[in-house]
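Note that subunit A is present in both complexes that follow, paired respectively with subunit B and with subunit C.
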Partner chain A sequence: MRDFRTSTALARGLGAAGNGTRDFWHQRVTSVLGVLLIAGVLIVISTSVGADYDEVTNLLSNPLAVIVLLLALLNFCIHMRIGMQVVIEDYVHGPVTKALLLIANTGFSAVIGVAGAAAVLKIAFAG
Partner chain B sequence: MRSFLPLNFGADTVSRIAKGKIWDTSTGDKATRVLEVYRYDPESGRGPRLDVYHIDRKSCGPMVLDALVKIKNEIDPTLTFRRSCREGVCGSCSMSIDGRNWLACTQPIDDIRGTIRVFPLNHFLVMKDLVVDQSHVIAQHRLIQPWLKSETPGPERERLQSPEDRAKLDGFYECILCFSCTGGCPSYWWNGERYLGPAVLLQAYRWLVDSRDEAKGERLDTLEDPFRLYRCHTIMNCTKTCPKGLEPAKAIARIKAMLVERQH
Partner chain C sequence: MAGTTSSSRPRPTAPHLQVYRPTLTMTMSIAHRLTGIAVYIGTIVFVWWLIAIAAGRDAYESFLDALGSIPGLIVLFGLTWAVLHHALGGIRHLIWDTGRAHTYPWREYLARANLIGSLALTAILWAVCYPR
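Now for the complex of A and B:
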């Protein structure tokens, strides 16, 4: 089919969506916070090097460790979701495939986050 | 900056570049330079080809554009390309030279070692030989309304601007719309229908930062879009390939900063 739309119509497209800034900003915020949180996670891991099972579960039930781990999970799941979304929008152009992948991306990030949080909480409260 | 990939890697069948004619005008002289030039004639019904020309550097001007003009005048009058000012101010002669988008009229022949490979500007659809179709990117430029917008009635004489505010336009007003940057941007390759690309965004910033303009909010509204603006992933090819030494990537980063600023 020949396309008779004018170049002005093509350039205007569906207009400006009026968003994108929030994701852009959240990606920057989670990058900066991520650096701090990774430091916290590394401290938690390094303190448990060489420790036996009981010592590790003990350490992981320390409220401070739990908070650091849960925050890191939340932070990186948000960061991962936005990052993956950008990749999908960049390279996937079929509307249906794109929608399905965007849904899968959100689902995946949520599952990883919740599963991780459940694991941390289980160790913290049930050992 | 030659690509390590073979010439036709991943190219559509219709776009595959065949070996072309060798215009053997070589005199065996040491001053002979060899050019491989992309040729495509939509009316021929055939795909593109790479023609080889020999030119005598001694009787040719210093720039790649001089070599192309010499080829057109003396060897092959069918070679088609755009040029006007031949001194880097009109932006018509941008093309891919030795693997980089640049102006043929400001690219010295002697800075290129070996065979000089000349292709049309990356990414754009080819109309003929080195001439590409820029209608989409020109329409995108029109979209950002590249003119002063002011509701306050104009003064009798010029609209005043302090020297400091005028200085804010430096590095942005000099753009000659050659689209070397846009053609060199991978994000524009994947999403050029919607992404405005570095040249247009640099122009958008040029008006956003102009103290005399009254339409900043409106301008930002036009740009605030995941595709129009946020496809820029700071790849920086634009800055590398701008023959005027401008920094579209910096302009885009500043637009993003403005949008964040108005949120908080």
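Now for the complex of A and C:
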């Protein structure tokens, strides 16, 4: 089949959305790192089961727990945004609805990441 | 070229999903998407947990009461399975990305390992945690 792309477009290799394979690659990177981070998160959550308030704040003040939680929030904030973007692009075709949902998706992922990180830092540094 | 001669013949359409016989690999593909969406929404519970702890004793107690209720426990159990299933499914995707296990019988083994593994890990995690 004939390739209708211009030679400039081929050389740039950025595709229709203008980002090339960036999202594809970020999804792979956040998946590999995610395997380790989800294990860490599940260990922290499991350890907290049955803990009273002082024990749980103590647990979440452990530097290792803080690092794992912050990295996980950053990692999954990126991963969940790309993942949901693909779902939206698969099913929603109205240009305005799609744009609004994609913006909402970015906003939701950012709020989850930042709100989670703010809480982790407050627990660790302000008790 | 298509479109240059006008004809009343309808454009060809792709066969729709329900004409295919359901298979395990197909179900697992759908499950990976659905669990991804479930965990996406489930991040609210995770961040609610963190904010409750940051907000103080009373907020943490209310959080524990909510999640310790029957509906709360059901949601938590479902989320545990969803995140484990999606994580193992993600590893399956990463194996495929290296060009491996696309064909019979490995694709079937991986699909079964994904399902059995996620159920087993969920059971183990709850068996270890729930008595507390």
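We take it that the second predicted complex is superposed on the first by the 107 of 127 C-alpha atoms of A that agree within 3 Å, B and C clash if a C-alpha of one lies under 4 Å from a C-alpha of the other, contacts with A are read in each partner's own complex, and residues count from 1 in each chain.
Following the convention adopted for this analysis, contacts are C-beta pairs under 8 Å (C-beta built on N, C-alpha and C of every residue); 3 or more make two chains touch, one makes a residue touch a chain.
On a predicted model such as this, the values are computed, not experimentally measured, just so you know.
Once chain A of one complex is fitted onto chain A of the other, the partner contacts of A:Leu10 are limited to subunit B, with no touch recorded for subunit C. When the two complexes are overlaid on their common chain A, residue A:Ser31 makes contact with subunit C while staying clear of subunit B.
Using the contact criterion defined above for the overlaid structures, shared-chain residue A:Gly40 touches neither subunit B nor subunit C, since it reaches no partner.
More residues of subunit A lie in touch with C than with the remaining chain of the pair subunit B and subunit C. Using the contact criterion defined above for the overlaid structures, shared-chain residue A:Ile112 touches subunit C, although it does not reach subunit B. By the touch criterion stated above, A:Thr21 is placed in contact with subunit B alone, subunit C being left untouched. Subunit A meets subunit C in the complex at residues 28, 31-32, 34-35, 38, 41-42, 45-46, 49-50, 53, 56-57, 60, 69, 76, 80, 83-84, 87, 112, 115-116, 118-120, 122-123. Within the complex formed with subunit A, the residues of subunit C that make contact are 33, 36-37, 39-40, 43-44, 46-47, 49-51, 53-54, 57, 60-61, 83, 87, 90-91, 93-94, 97, 125, 128-130, 132.
Against subunit B, the residues of subunit A that register as touching in their complex are 6-8, 10-13, 16-25, 86, 89-91. By the touch criterion given at the top, residues 135-136, 138-140, 142-143, 187, 190-191, 193-194, 221-231, 233, 256, 259-260, 263 of subunit B touch subunit A in their complex.
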